[in-house]
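In order of appearance the chains are A, B, C, D and E, and numbering begins at 1 in each one.
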Amino acid sequence: ADTIKVGILHSLSGTMAISETSLKDVALMTIDEINAKGGVMGKKLEAVIVDPASNWPLFAEKARQLVSQDKVSVVFGCWTSVSRKSVLPVFKELNSLLFYPVQYEGEELEKNVFYTGAAPNQQAIPATEYLMSKEGGGAKRFVLLGTDYVYPRTTNKILRAFLHSKGVKDTDIDEVYTPFGHSDYQTIVANIKKFAAGGKTAVISTINGDSNVPFYKELGNAGLKATDVPVVAFSVGEEELRGVDAKPLVGHLAAWNYFQSVKNPVNTEFIKKWKDYAVAKKLPNAATVVTNDPMEATYVGIYMWKQAVEKAKSTDTDKVIAAMGGQTFKAPSGFELTMDKTNHHLHKPVMIGEIKADGQFSVVYKTKAPIRAQPWSPYIPGNEGKQKL
Amino acid sequence: MSGVLRPGQQYDSATGDQGVSYGRIKPEGVDTTHGAILYLEDIVVSFDGFKAINNLNLDISVGELRCIIGPNGAGKTTMMDVITGKTRPTSGTAFFGQTMDLTRMSEVDIAHAGIGRKFQRPTVFEQHSVFENLELAMKMDKRVKTTLFARLNSEQKDKIAAILQLIRLNGQENRPAGLLSHGQKQWLEIGMLLMQEPQLILLDEPVAGMSDAETARTAELLNELRGKHSIMVVEHDMGFVTEIAQQGKVTVLHEGSVLAEGTMAQVQADERVIEVYLGR
Amino acid sequence: MLEVKQLHQHYGSSHTLRGISLSLKKGECMALLGRNGVGKTSLLKCLMGVLPVTEGTVTFEGHEINKLSPHDRARAGIAYVPQGREIFARLTVEENLLMGMANLPARKAGKIKDEVYQLFPVLKEMLHRRGGDLSGGQQQQLAIARALLAEPKLIILDEPTEGIQPSIIKDIGRVIRLLRERGDIGILLCEQYFDFARELADHFVVLSRGEVVASGGQELMDGDDVKRHLAV
Amino acid sequence: MTTMKGLFSRPAWTGIVICAVIAVLLPILNLSFPAGHALHISSYTIALVGKFMCYALAALALDLVWGYTGILSLGHGVFFALGAYAHGMYLMRAIGREGVYQSNLPDFMVFLDWKTYPWYWSMTDSFWYCMALVVLVPGVLAFIFGFFAFRSRIKGVYFSIITQAMTFAFMLLFFRNNTGFGGNNGFTDFKRILGFTITAPGTKAALYLITLLILLSALFLCRWIVTSKLGRVLQAVRDSESRLMFIGYNPLWFKLFVWTLSAILCGIAGALYVPQVGIINPSEMSPANSIEMVIWAAVGGRGTLLGPIIGAFTVNGLKSWFTAAFPDLWLYALGLLFILVTLFMQQGVLGLVSKLKKQREPV
Amino acid sequence: MTFRKICASIVLLVFSLGAHAAIDGKLLQALSGDDPDARIVAVNSIAAMGNEEAVEVLTALKNEQLFVKDVAVYMVEGEQAKDLASGKVQKLPDDAEAITINNRLRAALDSALSGLKLFSPDKNTRLVAATALEKEATPEQLPLLNKAYLKENDSEIKSRLQMLIATANLQASDPIVRKAAVKALLDSPNPNLKPVLQKMLTQNPDGSYNETDASIRVEAANTLNAIDGRLARMEFVGNLFYGVSLGSVLLLAALGLAITFGLMGIINMAHGELLMIGAYTTYACQMLFRKFMPGALDAYLLLALPAAFLVSAAVGILLERTVIRWLYGRPLETLLCTWGISLILMQAVRSIFGAQNVEVANPAWMSGGITVLGSLVLSYNRIIIIFFALFVVFAVWLLLNKTRLGLFVRAVTQNRRMADCVGVATGKIDMLTFGLGSGIAGLGGVALSQLGNVGPDLGQNYIVDSFMVVVLGGVGQLAGTVIAAFGLGEVNKFLEPVAGAVMAKIVILVFIIVFIQRRPQGLFALKGRSVE
C-alpha cells in the first residue's frame, strides 16, 4: 500500500471523552504535519479513528479491530490504566504496538507498549519532595486524596513508602478515596482543614476526571488557600482547568513533564500549530484551546515512532521496537527526550507549576535534565532488579 | 402438616410476611362441625379513624346462600376484603370453619382454603384468553413445580368447555379477556369462580351491568349452586335479591354493622331499611 | 341536537358498530338498550370521541363533530358518565367535582353548586377523601355529580345506576326527569335496568350486534319486539 | 404476546435453524481457511459474534423476567458480572506464576501486600468449583434479594430502582481495591483455560461453540417455560398480581423462580463472556450497563424470546460498526435508532416483522 | 517564621505611614531575582518601610502586577506602568516580564500585608488582617499586636487581637502570663491551638512535662477540652449543614424528575441531560455577559435562571411534542426512547461546546463563605442553593396544589382519557407539564453549575441519584421527594466521616434497598384502594 495506517484509540464519548478527545485531535494534527512533510518513508500516514466510548471491553474489541481488521501498524491511545490493561492482551497476542501517552502508576512493562507519559518517579515523587522542601512550604503532614481506582491507589502506596523513608509517620498521613464522579467534597474539605490544624499540611491529589471541578470549587469557597494547604495534583492540567474558575485556586500546584507556559521555541511553535489546527478544523472552542502534558506526550510518541520506523526501514513491530530504544526528540517541554534503551519509557524532565488566575501554570520547579523512568518503583518491595523487560 | 394456622402466627401487612406455607401446603378440608362455615365477630375496620366496619357480627352456615344488602358505603365490599385477606381488620376475628383464622392468613392461603371471590369491578386477566383465564383458575395444585409440568387432561378440558358453555363465551375462548364487554367480563369472572370450586363463594354485585334477562339467568345459576357451595351475595338489584334469597336470610348492613336481618319480605318492610336504603 | 348517521366502528378487524343512526332532540331522553356486548358502550364512546369512528357522521347542534377531540366536545357541552366510573382515584372528591367543570372557563368553575350535595349528600361528607377510596356506589354518584356540574347540553350516561342503592337510584331518576323537564338538555341513557329506563325515556333504541334493531317512543318499549332483543 | 401456544412460527423456526447453522459454520471457516482466502472468516468476527452471543443470552434472561413476568430489572449487570468474576477467578489462578510479580497470587494481591488468598478465593483454582460459583453466586444473590423484595411486594419502578441500587452498590464495592477483586482494573491478561492457551484459535472456537450451544439450550428452556402453564401464570403476575393471589397462586414463588433462573442464565452469560473478551471489571455493574441490556431486549421486542436475541445482536452490531465508521457521530445514529424503534416498532424489530407479515396476508 | 523578623521594624514604622521614599533599587533587583531567600528578605524589607507605597508594591507583587525589564521594575497601574525606582509613569515596555511568585513568597507577602493592614483605616481590612494572623501568632508579634490592640476601638477586632495576644503569650516565659493566656483562650474556636496545648500536656520520656507548672496544665487541659467540645459541636453543625446542602442539590436534581417521572410516569432517562442543558445555558449567559456587559458580570445568574428554565423547558416541550406524546401509557418504551434522546443530547453538546468541561465561575457574591463557630465555613454558594431549592419546591407546590393548572396536571396524569372527556386539553397539559418538569431541571442545572463541573456528562452523574430520590420519596409525592432528598443528604454526610465516601455511598444504597422493603411504595406511600 502507499499509505501506512495508524490507529487512534481514544474515547470520544462517555466519561473519558473529556480528556481523550483532544488527544485524538493532537494525534491527527501530528499526522497531518508528518504527511505535509512527506510522510514516513515516503508513504503518507492514514489515521484510523475508532471510539471505544469509555467502555473497557470495547477498548479490547476496538484494539483487535484496528490491528487485525484495519491492519494498522501502530496504535496511539488509551488514557486510563484500566483501558490499557484491557487492550494489553490484544497487543501481545497480535504482536502489535501501542503508544500510551498518560502518566500512570508504573508496575508494568510490556514489550508491545511504549509509555510516553510519566512513571511515578517522574511525577509523584519529585512533587512530594518539592512540597517537603523549604520552597515548597515544608509540609510535614500529607493528605493523599484520590479517586478510588488503581492509579491513585498505587501512586499513594508508593508515596506512603516514600514518605516513610523520609521519616513521616503514618499519623501524619491521611489517605482518602472518593468514588468516580464524586461531586460533594464538603466533608472531605472540612476534614482536610481539621487535619491541617495539626501542622503544615499538603494535599496530594490523584482525583481524576470530573470530580476535580467540584473539589476545587469547594476548596475555593471553603477558604483553603494554597498558602495554607497547598494541593498538588497529578491529573489536573491546562485542559482540566479550562473547566474551572481558576481565580480561587491560585497557588495550588500540579506536577507534569510539560506545561503550556514553558517558554522555548519548540513549544511556541507547538502551541501555535495546535491553535491553528483547532481553528482550521473548527474544533469546538477553538479560540481557547490549550496544550497539556498528555498532548505533548502524544505528539512526541508519534514522532518517535516515525523516527524508529525510518531507522528500521519497516513498520514491522519487532523491528520498530528494536529501533525505538535510544531515539531522541526535541520536545515542546524544551528538553531533548530520549526513549530508554531498555524500559520503553521516556526520560522526562519533571516540572511543578502553580496555578495562575488565567488557568495556566507558572513553573516553580523544574529538573535540570530529563529523568529516567522507574516503572518498577523502588519503594515497593520486591521490585528490585525488575527494571528490564 | 395442614394449612391450619398455628396460634401466634402473624401476618404482617407491611412486610407481607405471610407466616406460613407460601401456598405450598394444600389445606385439608374446612372444619365445619358446628354447621357454620364463616364467622365474623366484632370486626372493626378503620381507615384513618373512619370506621368502614364497626363491630360487625355475622355468620354463614354451610350451604347457605346469604344475601347482603345495604347502602353505598355500608362496608359490604370492605367486609369481603376482610374475608379474603385483602384488608386486615383493626380488631375482631374472622374464622373460616372452626379453625382457620382468616385475619392471620394471606390472600393465597385463604384462596387455597376454599374461599373464592368475584370483585365488584370485574377483574380478569386481560391479556390472557378467556380459555386461559379459566385454566388458571381451575382447582389444582398451584405450586411452581406442578404448574411448570401441568398439562390439561381431557377431563379438565371438558370442564372448561362446560363452563364456557355456561357463561356463554364459547366461541370466544381464544379472545383476549380484555376485549370483552363489561357484562361478558362479569360472566367470565363467575366462570373462573366456578372453576376454582371454592367452598365459600363471595359475589360482589354479580349482576351489575347485566341485562334483565341475564340477571335472571344468573339468579338461576345461583339457585342451582345453592346447597353445593356456601354463597354470599352482595347486590343492589332488589329483584335479583328477591329471586335468590327465596326464604333465606338477608342481612342489611349500614354504617359498618348489621342493621337488620331476616327474610326478604321482613327486611323490605323494615322502616329503617326503607329509610336508609330502599327509599320511598 | 344530536344526529348520528350511518356510524361504523371497528376494533381492529372486528366490526363492532354497523351503520347506526339515531337522533336526539333537546329536552328529550333517549334510552339505549341491548344485551351485553352489543356495542352500547362503544357507541357512546364514539359519540364522546374516545373511540375513532370508521365511517359515518356525528352532528351536535348542527355542527359535525367527528373530528373534534373529546375535550372539544366537552367544551361544546357534552358530558359523559362512563361505564366503570373513571373517577380520578387520587384526587379528592372535591377535586373530582372541580374537574367536572374543567370544560368551563375558570371564572365559572370556582364553586361547586350546592344542588349536587343535595342530590348526593354522601359526597359532601366525603369531600376530602380520595376518590379512589370511595365505595363503588359512592364513586358512581361522584361520576354523575361530576357530569352534572359541567352544565351540559347533552348528557351521556352509561349505566348510571350500576352499583347504586335503590333509594339513590330513585333520586337519580328524579334528577334526570327534572333535567328533561327543564327542556334545554338532551339525555342519552344507556341502561340495563329496564324499568328505570322505561320510566324516564321519551324514545328508545335497541342495539343488537352493533345494529339498531328496534326503536320508537316510550309507549312501544314494552313491546315483544324489544323483549325479544333483550332476552338471552 | 398473548397466546403462547405457537410461540415460534414456522418462519421463526426456519430462521433459528439457519442462524444456528451459519453460527456453527463461522469458526469452522475461520479455522479451515487461511487469512486472505475468500471463505475465511476473521478471528475478529468470531470474537465479536461470540461476545454478542453472551449479550444475547443476558438479554434472553432479562426477557424472561421483564417480558413475561413484568419485572423490570435495572440490575442484571450485577448477575452478569458476578458470573464473569466467578469464572475470572479461575482464569486468574490459571495464570499461575506468569504474572508480572511471578507470584502464586494474582498481581493485584501481591501489590496490596496480601500474603494469602482471602477466604472467598479458596478453591477457586478448581475449574468446576468456579463453574459452580458461576451458577450459585448470581443464583443465591438473586434468590435472597428476590425473596425479600417479592415478599415485601415491591413492584414496578420501586423494584427496578432497588435493583439499580443493588448493582450500583456492587460496582462501588468491587471498585474498592481492598475488596479483593482487582479494583477498577478487575481481572485481565488471562493465559489459559483448563490448560489450553486462551488465545489459541482452537480454544477460541471451542469457547464460541460452547456459547452457541448454551444460548440455543437456554432459548429452548425459556420457550418450554413460557409455553407451559407456568408461563401463563407468569404473565398473569405481570398483568394482575393481586388477582392471581385470590385464585390461589402465590406470586412470590413464581417470581422468585424466574428471577433466580434469569439471574443464573445471566451469570452463565457473564462466565462465557470473560474468556472471550479477556477482561471483567466493575464497570460491567454500572447502572448504565444494565439499562443497555434492557434496551437490547426492548429493541428486539420483549416478551418474544427471539426478540431480545435479535436486539442484542442488532444494537451491539450497530454499535461496533458505528464506533468505527462514524466515531464522532455514532451516538446520534444509535440514539435515533432507539427513538425510531419506540415510535414505529412498538414490539421491537420482531414486532415489525410480524406486522409486515400480517399486512401481507390479512385475516 | 518570616513574619517575626519584620514585626519589630513595622512597629517602629507604622506611625510614620505616608512618609514617601522611593524603593531602593537593590531591593527591587532582589525582588525580581532568582534567589528565593533574597526575595523574601526583599519583601520584608519593603514591608518594613511601612508606608502606603510598600502596601501598594507588595499588593502588586501578590497580584503579579510587577514587571521587570533589565533592571527596571514596573508596577502596572491600569493602562500605564510606573517605574518603581524613578517613580516615572510610562507605558509598559513590550518585552517586560511579569515577576512570578510562588507559595512561599505569597505567604510571606500575606503576612507582611496583614501586619501592615492591622493599622489600615478601614475596619474591614483590619478585621481580615487580624483573622489572617490567627494561624501564626508568636511572641515576636506581641509588640505589634499590643500596639494594634491599644489603637483599636472596634470591639470585635479587639477581641480577636486579644485572642492573638493570648495565643502568642502561650509561649511566654512568665508562668503567670502563660496561665492568663491559657485561661483567656478558653473561648477560642481556633483549632490550631490544639497542638500547642497538647504539647504543653505531653510528658517527656524523662517524666517531666513540657509545661512545668501543674496548675497551668490543669487550665490547659480545661481549655483543650473546651476547644474540643466546641470543635465537636462545630463538626456536628457542619455535618448538618453539609447534609442539608447535599440534600438541596439532590432535590434540585430530582425535582424536575419528580414531575416528569413522578407525575407523568415517563421514565425520563434524558432528565440528566435537561439538567446539563440548564448548566450550559448558564455558561452561555456568562459568556454573553463577559462579551457584552463585563461590568455586570456578577449579575449573569439573574439572566441564567429564566434563560435556563426557558431553554430546558423548550427542549422538553419539543421532545414531548415530537416523541414522548406518542408514548403515554407505555412507560417502559419511554425508557428506551429517552435513553436515545439522552445519547443524542450529550453528543450534541459535545459537538457544539466540545467534549471538555466549560468554565462557569461563581459570581463574587457567591464566592467564599461565612465563618461561624470560629472556623466552620458555610460557603455562600451552598447557602444560596439551599434557599433556592426551597423556593423552587414551594413554587412547584403552589403551582400543583393551588392552581387550576395544577389540578389539571394531576388529573391528566392519573386518567388521561377521562380528563379529556371532562374538557381538559390533555395535549396542552402534557406539554406544559413536561415543559415545567424540564424547566425545573434547567433550574437545577443552574444550581449544579455553581458547585461542580459543567460538561457533557454532567447529567449522567445525577440521573441515578435523581431516580433514587424520587422513588424513595414515593412516586408522585412531592413532599416525599423533598424529605427523601434531605434525608439522603443527611444520612450521607453523617456517614461519610465515619465510613469514607465510598463506603458511605454503598451504605446509602443498601439503606435504600432495605428501606423500600419496609415501605414498598416509598416514603410517602399512598394507602387505601386508590392505589390499585
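The working rule: a contact is a pair of C-beta atoms (placed from the backbone, for glycine too) under 8 Å apart; a residue touches a chain by one contact, two chains touch by 3 or more.
Small disclaimer: the values here were computed from a predicted structure and weren't measured.
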{"item": "Co-neighbours of chain C and chain A - touch as defined", "value": "E"}
{"item": "Shared chain contacts [chain C and chain D, defined touch]", "value": "B, E"}
{"item": "Chain with minimal offset from the mean of all protein Cα atoms", "value": "D"}
{"item": "Which two chains share the largest set of C-beta contact pairs", "value": "A-E"}
{"item": "Chain separated most widely from chain B, comparing mean CA positions", "value": "A"}
{"item": "Chain centre separation in whole Å, for chain C relative to chain B (CA means)", "value": "30"}
{"item": "Mean-CA-position distance for chain E and chain D (Å)", "value": "44"}
{"item": "Euclidean distance of C-alpha centroids - chain C vs chain E, Å", "value": "62"}
{"item": "Sites on chain D at which at least two other chains make contact", "value": "152-153, 172, 175-176, 242, 328, 331"}
{"item": "Residues of chain A engaged with two or more neighbouring chains", "value": "12-13, 148, 177, 179"}
{"item": "Per-residue overlap in chain E, given as positions that touch at least 2 other chains", "value": "346-347, 351, 460, 502, 505, 517-518, 520, 528, 532"}
{"item": "Chain A partner contacts - residues on chain D that touch it in the complex", "value": "42-44, 47-48, 51, 100-101, 107-108, 110-111, 172, 175-177, 183-186, 188-190, 199, 277-279, 281, 283-284, 320, 323-324, 327-328, 330-331"}
{"item": "Partner chain C, residues of chain E touching it in the complex", "value": "404, 407-408, 410-411, 414-415, 417-426, 476, 526, 528-532"}
{"item": "Touch list for chain B against partner chain D, complex", "value": "15-18, 22-24, 84, 86, 106-108, 111-112, 116-117, 123-129, 132, 135-137, 142-144, 147-151, 174, 176, 192, 196"}
{"item": "Of chain E, residues touching chain D in the complex", "value": "267, 269, 323, 326-327, 330, 332-337, 339-344, 346-348, 351, 460, 464, 467-468, 471-472, 475, 502, 505-506, 509-510, 512-513, 516-518, 520-522, 532"}
{"item": "Chain D-facing residues of chain A, complex", "value": "12-13, 48-53, 55-58, 60-62, 64-65, 68-69, 81-82, 85-86, 88-90, 93, 107-109, 148-150, 153-154, 157, 177, 179-180, 380, 382"}
